[in-house]
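The two complexes that follow have chain A in common; it is paired with chain B in the first and with chain C in the second.
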Partner chain A sequence: MRARRLLHTAIERRSAFARLSEQDLAFFQSILGNSGVITDADALVPFNQDWQKKYEGKSRVALRPRSTEQVSEVLRYCSSRRLAVVPQGGNTGLVGGSVPVFDEVVLSTAAMNKVLEFDEVSGTLVAQSGCVLAALDEHVGARGFMMPLDLGAKGSCHIGGNVSTNAGGLRLVRYGSLHGSVLGLEVVLPEPLLPPPPSRGGGGGSSSGSSNGATASAAATAGSTADGRVLDLLRTLRKDNTGYDLKQLFIGAEGTLGVVTAVAIQCAPRPASVQLALLACPTFAAACTTLRAARRMLGEVLSAVEFLDSACSDLATAYLDGVRNPLLPQDAAAAVAGLGEAGDTGGGAAVVARGRGGGEEGLEGGGVGDDRQFYMVVETHGSDADHDTQKMERFLEHVMAEGCVTDGTLAASEAQAKTIWRLREGIAEALARRGAVYKYDVSLPTAVMYDLVEVLRQRLGAAGFGPEGGVQVRREGGVQVRREGGVQVRREGGVQVRREEGVQVVGYGHIGDGNLHLNISAPRYDDDLLHQIEPYVYEFVRQHNGSISAEHGIGLMKAGALPYSKGPVAIELMRRIKETVDPYGILNPYKVLPQR
Partner chain B sequence: MKVLVAVKRVIDYAVPVRVRPDKAGVEALLPKLSMNPFCEIALEEAVRLKEKGVASEVVAVSVGPQHFQDTLRTALAMGADRAVHVPLAADTFAAAGAGGAAGAGGPPAASESPLQPLGVARVLAALAGREGAGLVLLGKQAIDDDCNQTGQMLAGLLGWPQATFASRLELDKGAAAARVTREVDGGLEVLSLPLPAVITADLRLNTPRFVTLPAMMRAKKRPIESAPLEGLGLAPHDVAPALAVIGVEEPPTRAAGTRVGSVEELVRRLREEARVL
Partner chain C sequence: MRARRLLHTAIERRSAFARLSEQDLAFFQSILGNSGVITDADALVPFNQDWQKKYEGKSRVALRPRSTEQVSEVLRYCSSRRLAVVPQGGNTGLVGGSVPVFDEVVLSTAAMNKVLEFDEVSGTLVAQSGCVLAALDEHVGARGFMMPLDLGAKGSCHIGGNVSTNAGGLRLVRYGSLHGSVLGLEVVLPEPLLPPPPSRGGGGGSSSGSSNGATASAAATAGSTADGRVLDLLRTLRKDNTGYDLKQLFIGAEGTLGVVTAVAIQCAPRPASVQLALLACPTFAAACTTLRAARRMLGEVLSAVEFLDSACSDLATAYLDGVRNPLLPQDAAAAVAGLGEAGDTGGGAAVVARGRGGGEEGLEGGGVGDDRQFYMVVETHGSDADHDTQKMERFLEHVMAEGCVTDGTLAASEAQAKTIWRLREGIAEALARRGAVYKYDVSLPTAVMYDLVEVLRQRLGAAGFGPEGGVQVRREGGVQVRREGGVQVRREGGVQVRREEGVQVVGYGHIGDGNLHLNISAPRYDDDLLHQIEPYVYEFVRQHNGSISAEHGIGLMKAGALPYSKGPVAIELMRRIKETVDPYGILNPYKVLPQR
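Showing the complex of A and B:
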């Protein structure tokens, strides 16, 4: 079973959980209608499998409720039957937290995708939890605002999922975390905290007992405010110090304490001026110096600071169509891809970087996977293009004069800005295309962030997991196969096919937040390789008092590793809260908290 | 051989626009301006000619209000040797009483713009003569007015051969003729033009380079020549807009599609409602 392949400890299905029966399906269908209940095996695959195809559950049903009442009905039933439930948004999570481990019922927010209200004066948005982030950004964008978070998965992720994982993203350095920008939540709990009101007919009658000061959205679900299972914290107030701030518990709880059904969030004014620069730094220390200068000189308009190493740049340009690094000549990018492109008209500048030759026999090895240099993406958001251009130009002159930046480019148009972002945002996809990926997301003191990448690279290389060197040429079934520099290049039927064989360790991420995305790319998953990586990476992080999960969350992947970043008292309090809110443990079991 | 390239500053290609409430033009939802993408491609081609040693000098010119100088800076950073700005704004005609509403030097709406292809072509013709250009490279059209006329009119005024919608340019050093592949409706057409000639660039001619920081810094210090109309032997009436935009409207919204339940229903509706059968 796939989950076992990636964990040290095997998980057993909890025997207290019931198994799905025909009566259960009939009940779900009576509440949600046929379109709200998915049982077809092929249709269930995207619900059972995560985006990276690393985790695969065996759920036999996915549910798509359209309202808070329906969610409450489903949870009431599942609790009474002791059926385990996995809340699922866009299923873009990276730690296996959004897919079943065994046969848990998938509760998808996909059909809860309405915007409930938007206040154009204050910029507060209230939306159902199944709204896709990019769609929300477009909606508020038409009214002069923007969502306070942005991440590569924006075209698919749901705002409810973002909240449940406390997603960080590209602009946290400017707009803060969801713990600050979320103003309110509506959450359905697995167990009612209050006894049901007397004489309710057939589940969810619309009693008019609505609380004072309820927003339009709460009024729309008026029946549920009398439902002891629905936690209505949906306010659009910037300041509200009235008792414990319960919504913070659910932000980042990864669906283990309740199902988020609606979100109230503070949007930011859409900036009139956006500047974007891509910079090349000779060393990681130079990148840190550049970051310091960016904070000081761009300060209040700085909106994103990202970094990537040259291995990432090579991967993104090699594995994705139309992605290029503007600081490298295009012919070099084509050569890296092993596809000899017919040169541009007029001959163009036939400069090929780093001694790579394009053409028939593929490319020379070496050079990929080392830390030649680093790239930084620096972005500003401001209200005045002239001011921001001046600030940016002064900053660029300074860092070039200091030598911490050796080359760079400032996007002259939106199209160029998109190209630059595509380079940074495409890395995860490129890694997925190359083969197996071991993905780590850690918080470390900024100065030592890249040390982890370097020591791991050395460690893996010494253990026999490095980018393979040397040239081997042999015939395989009549096909000439040549392997050099960890890349296998073969000509099959006149077409050049490239298959990489080496293990590459790459680092990129939110250098402005001290958040490293460490990725190990291998041709296939391999437990021996995994044992070289874990717990070494977690140990390194613990030694530096860092976090084993900066923003991706714990999910299934790191549940056993939680003690590396949280002490026993903290974990015990988390267990107690979980037991109070979810005594039968039906919500997203096996995730987040270490198995006892 | 000198190459003259004209560049225009327009609302950035990626910025959404909508019709102004007074229907006199369009407005951008974000105040973001950039070099017209086709002008960028033309400039990139000129710079490559210079890098190959075919062109001796690349002169970038922009006809328009003061803020067009920002685009000329970008042209210098991309590799142009010199930049010439020909000031032309709505207030050039205010005294003459011609053209649209009096606008300041800021980005004008379409109807207020005094920039129309014939006027611009006359300016470029004068400049091409003054510079002794052997080749004029332009974008095929500007993305704000989509006229696709300036290059053609310029060739007519100069009496030079023209190749428009160029997707490939082959020109050797010292050659007397250029070989141009054009993208036309039916496919590709290859022309041979004796120089001097006018060529307008289409999308697939090249991919423009990103401006690197060192080039950007150097370009900031370079001078931009200001060449007023009188110096070129032109009067305001030579470049005054000859057309006035009366109104701009959104295209009719597409009606939503409908689903049909069966082939019979499809056939019935095609016959009775769409009347195509």
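Showing the complex of A and C:
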């Protein structure tokens, strides 16, 4: 059996793994009940296929345990049978890590979605790993707190998946990484590290230290904590230097070392004041200058600095319903009500400035002017609205005066803020709708970050993978459509829509963290195109001392490319740790570590 | 051979370790030169003895390598000879981790004190591990940045020691833990993970990925990076999700897994505005209320919240030259110039209020009133002095109006700020001067934190270890001294000095992080006293789901107590990791992990 759609890495199924039998299913049903064992072919599709529909496995079963104890039982059984297992959270991962490569058993955390504890004084949350991030944010939001991370996939991704990928997201610049905010974890290991206790339910039989004062142990709520496979690191302490910080190993391990069953995390106080600006910058260098000014002038209230190129803006507005760029004149009114001229704050939203080309509207002239090549989303979280407004105003005045920002708008309501975030967060979805996408999530020094987009655009163009050429105007479905230089322009519902055709190279991401999302959008997956991209992108990144995965992880997609970011000694230590914890390699095989 | 001063844990020297020979010394000299090999008995004393003079080893040699390559050579040799090694930084550790237990070779980083790289845009610093924290803070300070951690020992502790203990310190509440701010590490492992490359100096011979784009590799500056013992994780990227985050394992490993040779760390921008207040609170509950108000009202500018009980204040002012408590009337003028009455901001320093008892001065009446049982140090770091002042003023008004703060002063100059910090930071030194100290550094829920001090005070008093009783007045060295209830009061240089005698139980620490430093000061170390303290303290901590080591680590002192904070599965995983990396156990033996 060979994995499909692996593109230029062919992987063989490991023969040491058993194949699923009827007895296996019967066992799973005895533990999880019928509803916890999914075998129906249609119902299995979403478990086998990743969010991008780029990776697809052929698992015959997906399991939905509800408790730590059930996870432990499942792993005990799979280990004894040498059945490979892929842990799955919200299945929003972008590197093919969350779906089977062949016929691995899918272990989904979807039914492990209970909040176990929230401390309203300290803001510490303990939750089962299958809780959806947005649901947790709502839970703690009602109590004056916010989750310390936020990402476009928040409506589906699970906190256990976030921890397992060390998700970064939109507010890392302020609230830091999960290596800092995760306080505790409960993890079920594939093999027991200690022999099982003599009797069930006795608990604490092994030593005076066996009752380790864990807070709200999820295992405890489900029964026994004495299972030698359950690594109980579920504490809610801000500081705890008692031996090696083992939980860190599982943050970002992408399901290869254990199944995270519960997470303790430090929430941040919900800010009393939030401000959000969308800014247009004429060049990437201007965006970098704007970033530095934001760091300096917004200082401690800065909570997000994102960027997108104008191609991303066009994609999001063209492919997604209701997505608007409030800085583009033709739909500004619809998207952000009350926008006036520069300096006019009537209607509550201040248009900071308006660059040239703002008034043009015709099919031909509606393009983005040269002064809007890049957009930035700048957000503040603070405790005093007056102070924050003053800081933001001074910042905006400064960057406008310096010419690094040519146009901008400040959201005057939650609805306007949503419009801005929707533009930024919609990019991944728009790209997915357009067709095939090659996604690269890299760290690079900010100054050279966008060079990668530009050199790749050139490189692909030179290899015949640029946007399609020629000029055509014709009617499609009763609508006049004009194509020129690979750009399709049409009016839909009174709004002018531009779509680039052919291969398109776009860049956006978390500029505040040096994190670029390089995306190559194409009509279909194509190995010739892929060979133009890889290893070129990885080589560029290595040459600039970057990282081939800033936040999405390695998964299946980049396992072979790991040596571009990690040296041989580091990779060998990873292997030894993997072998120590998972000697039969049943947990998420083929992922993260390169094949030997 | 038996370790001295181990108090109630007797440990035997492991017989598998070799004893140092003349050939060993000759080899070390051939690698490090004569100046890098210390064997003189007097010169060895500071390497053998810890900061507290509580732990003392009998090593016959201390090595001072200057480069990663030299460290690697030393470890290669020690491993082949089975010579045990204790890595030592500034030797300011408080749990007996940094000194030999028996005759281990001391490997000091004192000569590895070069700054390798500083990026003035991003604020990322790369330095050899032996750089002193204060020196680094000065280095980056001159460039507009600050180190993300600060502690009382900053003038001696090394950045490698900070990383190896996961030091917390005074500003964790704002800048987070080293698990978040350390970006990269270079570590020399006791055993190579890969065979040595075929030829010297060739470099990158093993695979296309062997040149891993590390930034400013300290090993590279010293020669070869191809040593299978050097784990090069020295990156300066904010985000890098490429495989397991191995550096995390060494943050807090206390020298048991490898020798940290270089550190890459994210510095914070030096704040444009700093404010510092010293406040007096009548009860610990009032201090907790003050903490919550500070979190809410100072929000994003809050950079430190410390507390000390009045006994700590008395100790620091009594035992250290030039240390003053600006809120105590008899020396306020000397310490903080220009203090006026409530509401008077003349002279630049605002006395926020003055509690009752403020005017009394006589030998009998100079005690601390009931309204000053606790002091808090509250600091802000911000980008706008006006905004920060406004926030601080509103906060102070609020806590005074609520009655949780009865007196307070805001530093109006750097000199005044130093006076306040000196009071807080001097406590450890004052305790050390007073005599023997049993130090416990625990995490506890804030509400019950001080209960531990109070119950222990009672417990020790009941067991006959309280302050000495009786009333005496007599002249000592021409000075009239009055003793009552264990308190000695005398005038020295016109200033009234109070000293508690006998056993004293005091509490201070990082209240903003839930971190109490419980200290039992005694005339001398005494096993009977120790048995009254341990395991009682650890049991109290476990019962309240705390941590037996918030920030100081485990070292030798708490290795046996680790099970109070970590379960058996976790301890077993630590052991397996230790065995994977250090199969002969030569690195910092007897520390961190409990004896089997």
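Note that the second predicted complex is superposed on the first by the 500 of 596 C-alpha atoms of A that agree within 3 Å, B and C clash if a C-alpha of one lies under 4 Å from a C-alpha of the other, contacts with A are read in each partner's own complex, and residues count from 1 in each chain.
Going forward, a contact is a pair of C-beta atoms (placed from the backbone, for glycine too) under 8 Å apart; a residue touches a chain by one contact, two chains touch by 3 or more.
These numbers come from a predicted model, not from an experiment.
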First, second, both or neither for A:562, with chain B first and chain C second: second
Partner chain(s) touched by A:327 [first = chain B, second = chain C, both, neither]: first
Between chain B and chain C, more extensive residue contact with chain A: C
Partner chain(s) touched by A:53 [first = chain B, second = chain C, both, neither]: neither
First, second, both or neither for A:143, with chain B first and chain C second: neither
Contacts of A:300 with chain B and chain C, given as first, second, both or neither: second
Partner chain in contact with A:396 - chain B first, chain C second, else both or neither: first
Chain B versus chain C as contact partner of A:416, first or second or both or neither: first
Contacts of A:405 with chain B and chain C, given as first, second, both or neither: first
Touching both chain B and chain C, residues of chain A: 272
Residues of chain C that touch chain A when the two form their complex: 121-122, 165-166, 168, 172, 176-177, 179-181, 189, 193-194, 206-215, 225, 228-233, 235-246, 248-249, 251-253, 257, 269, 271-272, 292, 295-301, 381-384, 387, 390-391, 443, 445-446, 510, 513-515, 541-554, 558, 562-574, 576-577, 580-581, 592-593
Complex interface listing, chain B residues touching chain A: 12-15, 30-32, 34-35, 37, 40, 45, 48-49, 51-52, 74, 167-171, 205-207, 209-214, 216-217, 220
Footprint of chain B on chain A - complex, ascending: 270, 272-274, 277-279, 326-327, 330, 344-349, 385, 393, 396-397, 400, 405, 407-416, 418-419
